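Note that subunit A is present in both complexes that follow, paired respectively with subunit B and with subunit C.
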Partner chain A sequence: MLQRLSFIPGRLLQAVPVVFGVTLVVFFMAHLLPGDPATAILGDKATPASLEALRVQLGLDQPIWAQYGLFLANLFQGNLGISFSFQRPVAELVFQAIPVTMSLVLFSMVLALAISIPLAAIAASGPNKPRDLLVRFFTLIGQGMPQFWVGIMLILLFAVNLRFFPVGGFGNSPLDNLYYLFLPALTLAISISPVFIRSLRSSTISVLGSDYVATARSKGAAGAPLFRQHVLRNAAIPTVSIIGITLGYLVGGSIVIEKVFAIPGLGSLMLNAIYNRDFPTIQAVTLFVGLFVVIVGILTDIAYTALDPRVNLTGKARA
Partner chain B sequence: MNREAKAKMPGTHGLTETDVATSPEASPEATQPILSITDLTLGVKRGNSTTSIVDGVSFDVAPGDRFGLVGESGSGKSMTLRAIAGLLPGGVEVLSGHAYFRGVDLFSLSAEDRRALMGPQIAMVFQEPMTALNPVMRVGEQIAEGSRRHLGLSRKAAMGLAVDMMAKTGIPDPIRRARAYPHELSGGLRQRIMIAMALSCRPKLLLCDEPMTALDVTVQHQVLNLLEELCDDFDASLLFVTHDLAVVNQTCSELAVMYSGRIVEFGTVASVLQNPRHPYTKGLLDSAPDFDQPDRALIPIPGFPPHLADKTPGCSFAPRCSFATEACLTGTPPLTTVRPTTMQPTTVQPGAGVACYRSDEIAEGVLA
Partner chain C sequence: MSSPTFLLVGFQARRRAKARSRSLKPWYRNTPLVAGMIVVGLLILLAIFAPLIAPYDPIAQDLGATLQGPSAAHWLGTDKFGRDVLSRLIWGAQVDLRVGFLAVLIPFVFGSILGAFAGYFGGWFDAIVMRIVDVFFAFPFLVMVIVLVFILGSGETSIYLAIAAVSWVSYVKIVRGEVISAKEQDYVVGARLGGMSNARVLFRHIGPNVFSQAIIYAMSDIVMNIMGIVTLGYLGLGIAPPTAEWGSMILEGQEFITTHWLQATVPGLMVVITSLGVSWLGDGLSDLLSPERRK
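Let's look at the complex of A and B:
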C-alpha cells in the first residue's frame, strides 16, 4: 500500500505545470472580458483623468506580459490583490468563503452517497423488477429537475411551510452549519446522485454476477454482510472517478445554489465579483477552483489505490 | 441446525456431528448416500414456455465416495452442481426433483437454513481461480470468512485457522501469503486458496466445478492429488464435475456421463471406462489421447451438441451417433440398469446403468 502510494510526489510535481497553465488562463481570461476595471470601480460618470490615474495605480497601463509577471510575483507571496468592490485583500475574502463552500460540497457529497448507495443496491438486487424501475424513474426525475427550482421548492416546503430548516444563511459553528446547510446540500445531492446511482447500479449488477460473489455465497454469505464485504468495494471502484469529477463540478457549480440559499461561499463571492468586474476576485476564485480540481484528481488516484489493490500507479512492476 | 429444521428431516439422520456420534449403533451414515439427487429438472421459464437445461437427473453419492459427473460444455453438469449449492444463475430454476443431503431435501429448506449448510456441510471449489476470489480482499481474510461465520471464531482464531489450512494445501510461507491479494498469486496457488477456503469448515461434501481446467497441466496434477489427499483427511465426499475423463479416472470411483441435460451412462469408473455401453461415452474415450497407446488414432465425435432450445424427439445423441437406428430418432431410450454381459461379467457393478437401445451390442463389441 505505502509502496503503491509512492506515485504521489511525482503526481504533485506533474501538477506544477498544470497549475501554471491555470494561472495563465485565469489571468488572460479576465483580460479578454469586455469592460474596464477602472470604469467599473469609478462608475460611468468618472472623468477621463481620474480613470487614467486609477489605471496607473492598478498597473493597467503596463504591457500585458508585465502585468502577468506582476500577477505571478504577487501570487507567490500570497498576495492576490485588493478586491475592487470590497476594498479588502482578495486572499482574505477567498479564505473566508472557502470553508463555507467546502462544508457545503462535502455535506452534499455525504448526502448524495447516503442516497445513492442504498438506492443503487435496491435497484441492483432485482434488475428490471418494479423496485429497479422505480429507482430508475427517480434518477430520471432527479436529473431532469433544475437545481435552483429544487432548491426553491425545498425552501417552500421545509423552511417556509414546515419551518424545519432556515430559509438560508450560514451558521456560526460547525454543528450549526449542519442545520443551515442541510437544504442546500440536499438540493445539490438530489442533482448529483442520479449519476452516482446509475454508475453504482450497473457496477453492482455486474459484481453480483461475478464469480467471487458466487464464491462468497458458497461460504454462506448473504444480505448485508455480502454487500458490505464483497460487493460494495468492488462496485465502488468505477464510481470513484465520477465522484472526483463531480467534486470539481460542485465547487464551481454551487454558484446558483449559494445564491438561492444566500450562503456566503465562493459562489456568492464569484457572482458578486462578476457583476462588479472585480477582476482580482474573479481570478482568485477561478484559481482556487482550478487548484481544487487538480488536488481532487490526485485524491481520486489515491482513493483508487486504496480501494483496489491491483491498481499500481507508480509505473513500476512490483518485486 | 435448529430444532425446527431437525424436525423436518425424515428418518433418523441428523446433520450435525453430535447426532452421528450419539447414535453409532444405528450407523445409517454408512448405508445412506450423503447426497441423493432424484429426478432433478432445471430450466429457464420464459413466459409460458420452459426450456429444460437438466432433465430428470438422478444419482447418489455415498459417504466418502468420489463421484465424477462428466460431460461437455452445455451438458448441464455445472448447472446440476450449482443447483445443489443453491447458486443457480438468475433465470434458471429447479422445475422438479429433489436433492437430499444427508436425508434432508435441500430444495425444501429456507434460504437461511440452506446458507447455514454452505461451508460447514457443503462447500464448493470453482472453475476459475482467477475470478473466483474477491480481488480487493486479502486471501487469508477470504478463507477466514467462513469459519468466522459458521464456527463463530474470533478474527484472530479464524486467521490462524486460515493459515493452517493454507499450510495444509501446501502453500509455502502461508503467514506471509495470507496477507496477499489474489492478483499477487499464481493460478495454482489461487486454486489451493480456494481448496483451503472450501475445506476450512470441514464440510461433509465438496462440490468441484472443473477445478483443474484453468490450471497448467503440471499444476493440475499436483492440485488433484492435494484435493484427493485432503478429502481423505477431512473425510469429505467429493462430487467432481469435469469434461476430462483422465481426471475422473485418476480421482473418482463412480461416474455419470451427461449429455444434453440427461445422464446417459453411470457406473463405477473402472467398468464404464473399460467397457463403455453408451456410444457417447465410447466416443469420448475414442476422441481423447491415450498415453498407453500413443499410436491409436483419435476418432472425433462428428457434429455438435444440440442446442438446448431445439430438442428433437428421440435420443438427443442420435444425430451424431453412428449406431443410431429408426427407433433412436423417435423414442428417448430410458436409463436402464445394466445387466451383466457374457463378455465381461466381472466388471459390471449392480449400480450401473445406460440410456441406449443398443448398449448391449456396443458393450459386447459387436458394433465396434
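Let's look at the complex of A and C:
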C-alpha cells in the first residue's frame, strides 16, 4: 500500500508551481481592471487626496512584486480583504457559502451517476442497436442544452405545473436541503451525465468483450448480477479521472444554477459581487475555485491509483 | 479551462479507430456530416438573411401589444415590450452564431502553434508551456469567462478576448500530444534524416496530420462558446440590450414562465438545435478526417 502511494509527495510537489500560478493569475486580474482598487472603492466620492491616502493604505504605491508579496502574506493569514459591498471580511463570506455550493455539487454528482450508470449499461448491452442510438442521441442533446435553460424547464415542469418541488431557495436543515436542492442538482446532473455516459459506455463495451467476462458468462452469470459483479467495477476505473475533472466544471456550472434557483452559495456571492463591482469578493471566489480544482486533481490521481487493480496486484495478492 | 467536452475528443478517437472500416466511404454517405451540414447551413442562412426572413423589426417596441400569445400576426407572440418573439429569435441567430464560430479562431491558431512547438521541441520550453497550461486548466470555463468579461468591460470584443484567454489551453494539449506521437512515426523520422529544417518538418509534414484532431475538437469548442455567450446573456453580462440574443431572451422570458412559457422555452430550443448540428458536424468530420482514411 505504501509503495503504491509513494508517488503522492512528488504529485504534491508538482502542484506547488500550479498553486503559485493560480495566485499569480488572481493577483494580476486586479491590475487588468481599468483604474485601480482605490478608484473602485471610492467611486464617485473620490478626491485626489483621499485616493492617494487609500492607495498608500492598500499598498498600491509599492512596486508590483512587493504588492504580490503582500497579497501572498495576507493570503497565508486567511486575509482576503474586505468586501466593498458587504463591509465584511471576504474570507467570512466565502466560508459561509462553501458548504452550500459543495452540497449542491456533491448532490448533483450522485444524481449524475444514478442517471449515467443504468443508461450506459443499457447502451453498452447492444452497441448500435436502437437503445444504444437513443442513449447516444440523449448525450448529444444533453450536451447541447444550456444549463440555466434546463433549470428553467425543470422549474416549469416540476415546480410550476406539478408543484412537486420548490421554485428555489435553500432549506434550514440537511434533510430540507435535499428537497430544496433536488431540482438544481438534477439540472447540473443532466448537463454532466453525457460525459459520464460516453465514458462508461465505451469502457463497458470493452470490458464486455474481455476474456474474464466470457469466463463468467460460461459459468452462467448473466444480466444484472453479471454487470454488478464483473463489469461495473472494471468499467468504472476510467470514469474516476473524469469525475475529478467534472467537479471543477460543476463548480463553474453552479454559479449560474444558483442564480436560477436563488441558492445562497459561491455562485450567488460571485454574481452579486460582479453586479456590485465588489472586486475583493470576485478575486476570493475565483481563487477558491482554482485551488479547489487543483486539490481535486491531486485527489483524483490518488483515487485512480488506489482503485486500479493492476497496481493492486503488484502489492500483495487480492483476497 | 476544465470542461468535460475536452474529454470527448479521446472517446471520438477511440470510436474512430473502431469505425475504421466504416469511414472508407464518400463524404455524402457520412450521415452525421450531412445532417450537421444541413442544420448548421440552414442556421447560417437564417442568420445572414435575418433582415429578409424576420417578419418584424426585432427591437421595435409596441407597448400597446405586450405579452401576447401566439397568433397569425405574431407566430410566437410578443414579449414584455411588445417585440415580436419570432423576429428576435431569427435575429438572435446572428449574434450567437457569430460569437460561437468566430471565438474559436484565436485560441485555435494560437493554441495549436504553441502546442506544436512545445511537442516538437520538448525540453524546458515544453515544461514551461505545460505548467502555464496547468494553471489555466484550474479555472473552469464559465468562472473565467465571467470574471474576464467583468474585467474587460461588456461588449462583443471583450467576449472574444475572454473566451480566447480561456480556451487556448485545450488546443495546446491536443496538438502537443499529437505532435509527440507523430514525431516517432517513420515519415517524420525520414524527413528529419533527409536533412529538412525543423520548420519544414513541422509545417509541411507533421502539421496536416495533427491539426485534424484540433479541427474536430474545435466543433465541441464552438458548442461550448455558444453556451458561454448565451450564459453571459442570461446573466446580463453579454451583448447589451436591446440587441436580440437567445440568452437574454431566456432571461426576459423567465419572468413570465408561469403565464407565457414559450418565451423562455423557444430560444433554448434554438440553442439545442444549433449545438446538435455542430456536434453532428464534429462527429462527421472526425470520421472524414481520421488519419486512417488517408492511407
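In this section, the second predicted complex is superposed on the first by the 296 of 319 C-alpha atoms of A that agree within 3 Å, B and C clash if a C-alpha of one lies under 4 Å from a C-alpha of the other, contacts with A are read in each partner's own complex, and residues count from 1 in each chain.
Just so we're on the same page, contacts are C-beta pairs under 8 Å (C-beta built on N, C-alpha and C of every residue); 3 or more make two chains touch, one makes a residue touch a chain.
These numbers come from a predicted model, not from an experiment.
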Sharing subunit A, do subunit B and subunit C clash or fit in the superposition?
fit
After the superposition on A, what does A:Gln229 contact: first (subunit B), second (subunit C), both or neither?
first
According to the stated criteria, A:Ser210 is in contact with first (subunit B), second (subunit C), both, or neither; which is it?
first
Which of subunit B and subunit C A:Ala121 touches, first, second, both or neither:
neither
Please indicate which partner A:Met270 is in contact with in the superposed arrangement: first for subunit B, second for subunit C, both, or neither.
second
Return the chain, subunit B or subunit C, that is in touch with more residues of subunit A.
C
Which holds for A:Leu93: it touches subunit B only (first), subunit C only (second), both, or neither?
neither
For A:Val293, using the defined touch cut-off, is the partner it touches subunit B, subunit C, both, or neither? Pick first, second, both or neither.
second
Closest CA approach of subunit B to subunit C after superposing, in angstrom, is 15
So which bits of subunit A does subunit B touch that subunit C touches too?
none
With touch defined as at the start, can you tell me which subunit A residues reach subunit C in the complex?
17-18, 21-22, 24-25, 29, 32-34, 140-141, 143-149, 152-153, 155-156, 160, 192, 194-195, 198-199, 202, 242, 245-246, 248-249, 251-253, 255-256, 259-260, 270-271, 274-275, 282, 285-286, 289-291, 293-294, 297
Applying the document's contact rule, which stretches of subunit A touch subunit B when the two form their complex?
209-212, 214-222, 225, 229-230, 233-234, 237, 307-310
Provide the residue numbers of subunit B that touch subunit A in the complex, in ascending order.
85-87, 89-90, 111, 115-119, 123-124, 126, 128, 131-137, 142, 145-146, 149-150, 181, 183, 194, 197-198
Which bits of subunit C are touching subunit A when the two form their complex?
2-8, 11, 14-15, 131-132, 134-144, 146-147, 150-153, 223, 227, 230-231, 234-237, 247, 250, 254, 257-258, 261, 264-265, 267-268, 271-272, 274-276, 279-280
